[in-house]
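Chain naming follows the written order as A, B, C, D, E and F, and within any one chain the residues start at number 1.
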Amino acid sequence: MSGHVIVRTSVGPSPEVTSALAAAGVATAHEASGRHGLLGPALRPIYPGARIAGRAVTVLSHPGDNLMIHASIEQCRPGDVLVVATTSRCTDGMFGDLFATQLRHRGVLGLVTDAGVRDVADLTAMGFPVWSRAVHAQGTAKAVPGSVNVPVVVAGRLVHPGDIVVADDDGVLCVPLAEGERVVEAAAVRERNEEAKRRRFAAGELGLDVYDMRPLLERLGVRYVDAEPER
Amino acid sequence: MSGHVIVRTSVGPSPEVTSALAAAGVATAHEASGRHGLLGPALRPIYPGARIAGRAVTVLSHPGDNLMIHASIEQCRPGDVLVVATTSRCTDGMFGDLFATQLRHRGVLGLVTDAGVRDVADLTAMGFPVWSRAVHAQGTAKAVPGSVNVPVVVAGRLVHPGDIVVADDDGVLCVPLAEGERVVEAAAVRERNEEAKRRRFAAGELGLDVYDMRPLLERLGVRYVDAEPER
Amino acid sequence: MSGHVIVRTSVGPSPEVTSALAAAGVATAHEASGRHGLLGPALRPIYPGARIAGRAVTVLSHPGDNLMIHASIEQCRPGDVLVVATTSRCTDGMFGDLFATQLRHRGVLGLVTDAGVRDVADLTAMGFPVWSRAVHAQGTAKAVPGSVNVPVVVAGRLVHPGDIVVADDDGVLCVPLAEGERVVEAAAVRERNEEAKRRRFAAGELGLDVYDMRPLLERLGVRYVDAEPER
Amino acid sequence: MSGHVIVRTSVGPSPEVTSALAAAGVATAHEASGRHGLLGPALRPIYPGARIAGRAVTVLSHPGDNLMIHASIEQCRPGDVLVVATTSRCTDGMFGDLFATQLRHRGVLGLVTDAGVRDVADLTAMGFPVWSRAVHAQGTAKAVPGSVNVPVVVAGRLVHPGDIVVADDDGVLCVPLAEGERVVEAAAVRERNEEAKRRRFAAGELGLDVYDMRPLLERLGVRYVDAEPER
Amino acid sequence: MSGHVIVRTSVGPSPEVTSALAAAGVATAHEASGRHGLLGPALRPIYPGARIAGRAVTVLSHPGDNLMIHASIEQCRPGDVLVVATTSRCTDGMFGDLFATQLRHRGVLGLVTDAGVRDVADLTAMGFPVWSRAVHAQGTAKAVPGSVNVPVVVAGRLVHPGDIVVADDDGVLCVPLAEGERVVEAAAVRERNEEAKRRRFAAGELGLDVYDMRPLLERLGVRYVDAEPER
Amino acid sequence: MSGHVIVRTSVGPSPEVTSALAAAGVATAHEASGRHGLLGPALRPIYPGARIAGRAVTVLSHPGDNLMIHASIEQCRPGDVLVVATTSRCTDGMFGDLFATQLRHRGVLGLVTDAGVRDVADLTAMGFPVWSRAVHAQGTAKAVPGSVNVPVVVAGRLVHPGDIVVADDDGVLCVPLAEGERVVEAAAVRERNEEAKRRRFAAGELGLDVYDMRPLLERLGVRYVDAEPER
């Protein structure tokens, strides 16, 4: 894929899939996916409590340049999540409240960016959630080309345009589009399973017994000993 | 200490010591201890405002594996703080709300971990405080042995099982068990001392005078000069 | 500038300039300044929502030693912001609530430090804002000389005593004293400009059109393509 | 791609392509590729002077576990480069001289790993080059499943099995298999171009003139000024 | 252990143990020790090729202050390794060629430091090896007390005075004094074992077979599949 | 200093000063300067053994853009050192062998950059030394304006055009132009002093005695104790 492109695409998940994954949250959906696609812990929310899931519209920008974010907005539709990567590590404030105003008008749910964000007080007041690598006011140029809706790597994980991005206080997950329904089903199974365990644990049972781990500990040679009288 | 062990031990501080150290908080107790035992600044609380002190139950886990956390829970009793180290650097989400449910049932006060944590929205809602190196949903295996209640290094400081762990918004402190009462006394002295100073400072006095530092500045050759008219 | 000095100086911005820059905030003032002087993203506020602008009183300390912070307080007056640098990287808790009590009495607005801070729960309760590289309770010595009101580098940017420090949730900006009025004017222009754009964006216009970027994208060779049916 | 798999594949570049790319080196091939696919600067060679290009055989391992490296060796053939990723950040010494002995027998050219390596003195003596994130002797388990020859992200870039990995003192590049011949041709053009420029520069010409950048500087508003007599 | 002390001690390993561990090297001794005591990968040698093992003489210094290194030298004897920790993270050049001259006279083998080192060209010319967290010329004070020959944490691992420090191109290992002879024996077994495997691997056998891992892969559900014709 | 400028200046140190500082080296000149101006330890030489001192020609570039390096070369003369800063953190390979060819022709001694460098094998073969934050082949744009010969901050220290940059295996030092002769003299004194000490230390004397530190240790309350029989 040589050359810089803006890809128009309508491919994406159904609202049923995204609402189910938003309800499941990152940790459960990550487990349900077979533990694929979790973005690295460097991405943090600018405020606590947001939980979203939506179609990824991806941007690949030059560091210190947000031209392609401008170019991407037209490609967004309601229920999307904008996902910004840079061609090399960057913490500049490539995104702020004027972008959020444009995206909010289009029904975009939030931003995931491998770079920095600014105007975080305004974004918090708007209730426009952002997961970013940094908060930094550093201004950017609009001079270098890039691409929209190409596969990108964000915080160490591949995101294709059209994939499902789930984000909450635990971080950000990318579920491949084709996996969406399978993950929704697996998440529902997992949630029922976890709820049953939660009740048992709240009643005093131990994971050691519930998961039958004592034989494993013994097989691995872990020994129980009593502490010496003093150390 | 070859081999993997789970050490059963009832050694630990008295409730008087832990409640006094919780009241003192990390900064005061750190000073009172002679400035020993403060864990590094990489450990941060998942929500502000918690302040705890309790007996350390320690876990040494393989990176990416939480089997030994399961094994540790049975060793916990009311007033304990679970302390998790890994044999090499790890930010995986080795701990989540199902563990917290088990620990809460046993009266455990919170978690200090050199690795990652997940389900932070649930943990915050439960009021179960965690100090961790990262928030990350990354799932872990349960396949590799480790130890419980052995000495561990967490964020650069040694923690023995039975030591007193104090944690608040300033971070995490480990007070050796044998030092507990001495530190409580020294903290009380320090608090009275600080309160007296706080009143003097609030009234306009300077530390420079209260601590009699002007002669020291002079002896060190620090000179007072007036700014040049312009620069 | 050999030797250690404490420089007495009354040079600084007018209240009109500082209040205008506090109102503008970091991101707008940074743009208005021509994108100079923004401190790096490693400095973060200890609590959200504070926004200040004031005259910089600078401190250059040895790592792990807060003697010169003591020496600096006498040089502060109402509307100042204390700015602490260290001669090498340090995250120790060089500043706590007893310092804040002294500074509050003098009308100082807050602290910006390239090192660590402690007593953050107390500082938050006091409403004394701090932007720091770390939160750490590590105690410090008072034994090594340094200087007050000399030029310092903090988080990668030069701060002269008397410069205007602006800080909010987006980070910290240093506006050179001589640039203050020019930046205030440019910020006002920018704010009006942004407000006009915000209304257009809220009404559905795109930055791509408002800033007339389509010809630039074309000139840079960015092509629009339709997604292949599947991938 | 749910589940753990070892993919057998014979797809890969021709020897002509890999030898041409090894001759071009990372910087030239990166430019020739349109500036795609360069792995991040965290990967460094264990000794200077190696330069290789070969077919990627990829491994996705659990952190702290090298079982899948064992499983991968059988899939290697002469001219391959082993590429190891982990499901979360890891610096353990997952690879050492016993692995290199097995790979050397199979004609494998070297290792690129997002984790750590050990036995570096032996590997250097063998002339088996490694590009890694860390040198660390930390031992690993062989207990957790993973995959071989699936797409992986290494130091922020996607590598498919069969892609062409180029590595030298400047770092590591991944050229997609389908792009190989195009990149070889573009690299040859670039090398001739660079050689011509190198001669002109060595004779005293400036890039400013050779690339005709003076009009651009003027258009961007960059002004030439003479320094004030003193500062 | 309140207060600052310089502990005089003659406890340490025998020359047989240290020479055997130096011959084994870090990776082998680490495995032989049961995978305990390896210092973190942040410590790197200032030049390649050194390999030492000796008795640890430990120093706990204030950051930016090398007074206690001066105090430690008198406690060193032939065959020792000086091990320097700081009470908080520090990269200053606390050690240089004048210290090495003193230590060389006393027969000290090298330095392991959690802080910085300077004069590395001179140290290299002298053949005095150093493993450090940084190379930095930053000068230090001599004003703040600390301790000599107390337990310290260096790069995340506990080192007691008298323990055996092994260091080579793979990093630094601490073997507890009481474990020395056991580790020497285990290392010898491991070396013979590795040598046998090395011959088998060099002849083309696979670790997969030598370690009988195929059944494990099957039990873990790892499947062999053939690549699709194209991707 | 609003707007982008290329400052023409002939101000700089004499050859006597630079050759004396090159001979002294970074650590000695840093001490002689009163411990000012040492750049941070993140800057490392691409090969060991180089030692230079020369006049700083400074460049302030946008991240990921080397246009201003092109613009700077014309401002260089024999004996200069090019010093590159970026407006935000960047590790891209903004500099390579074609630049070095141009600079070598003009008699420039080397490069100090807060960003990345590429073609390091070629630069090493040319004997053109570089101190950089990273080695990375990432290509850069030539589209965004910046400045030449303005004050810049590099690795946390201020460099004015015309200042004296000293660089060797210990890192990089900036000596303000006006301080050059004073530092040369102080360095000569220090070298004689150090040479005398080196002889005494080589003969077995201790710094503890040579610097008369025993009374200080006693005054600071450091006590000598004998180790307990065992631990």
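Going forward, contacts are C-beta pairs under 8 Å (C-beta built on N, C-alpha and C of every residue); 3 or more make two chains touch, one makes a residue touch a chain.
Bear in mind that the values here come from a model prediction, so they are computed numbers and not experimental data.
Comparing the chain pairs A-B and A-D, the larger number of C-beta pairs in contact belongs to A-B.
Residues touching across the chain C-chain F interface largely coincide between the two copies, over half of the numbers being common to both.
Its interface matching that of A-C in over half of the contact pairs by residue number, E-F stands out among E-F, A-F or B-D. Centre to centre, using the average C-alpha position, chain A and chain E are separated by 39 Å. The distance from the centre of chain B to the centre of chain E, with each centre set as the mean of the Cα atoms, comes to 27 Å.
Multi-chain contact residues of chain D, defined as those touching 2 or more other chains: 3, 35, 40, 87-89, 91, 136, 138, 144. If the chains shown are joined wherever they touch, the resulting network has some other arrangement, not a path, ring, star or complete graph. Contact annotation for chain pairs lists A-B, A-C, A-D, A-F, B-C, B-D, B-E, C-E, C-F, D-E, D-F, E-F, with touch applied as defined. Residue ranges on chain D touching chain B, taken from their complex, read 62-65, 87-92, 136, 138, 141, 143-144.
Of all the residues in chain F, the ones that touch chain E in their complex are 25-27, 30-31, 35, 38, 40-41, 44, 48-49, 51, 168-171, 173, 194, 197-198, 201-208, 211, 213, 216-217, 220-227, 230-231.
Residues of chain F touching chain C in their complex: 1-3, 33-36, 40, 87-89, 151, 153, 156-158, 179, 182. Within the complex formed with chain F, the residues of chain E that make contact are 3-11, 47, 67, 70-71, 73-74, 91, 93, 96-99, 101-102, 104-105, 116, 118-121, 124, 134-139, 142, 144-147, 149, 160-161.
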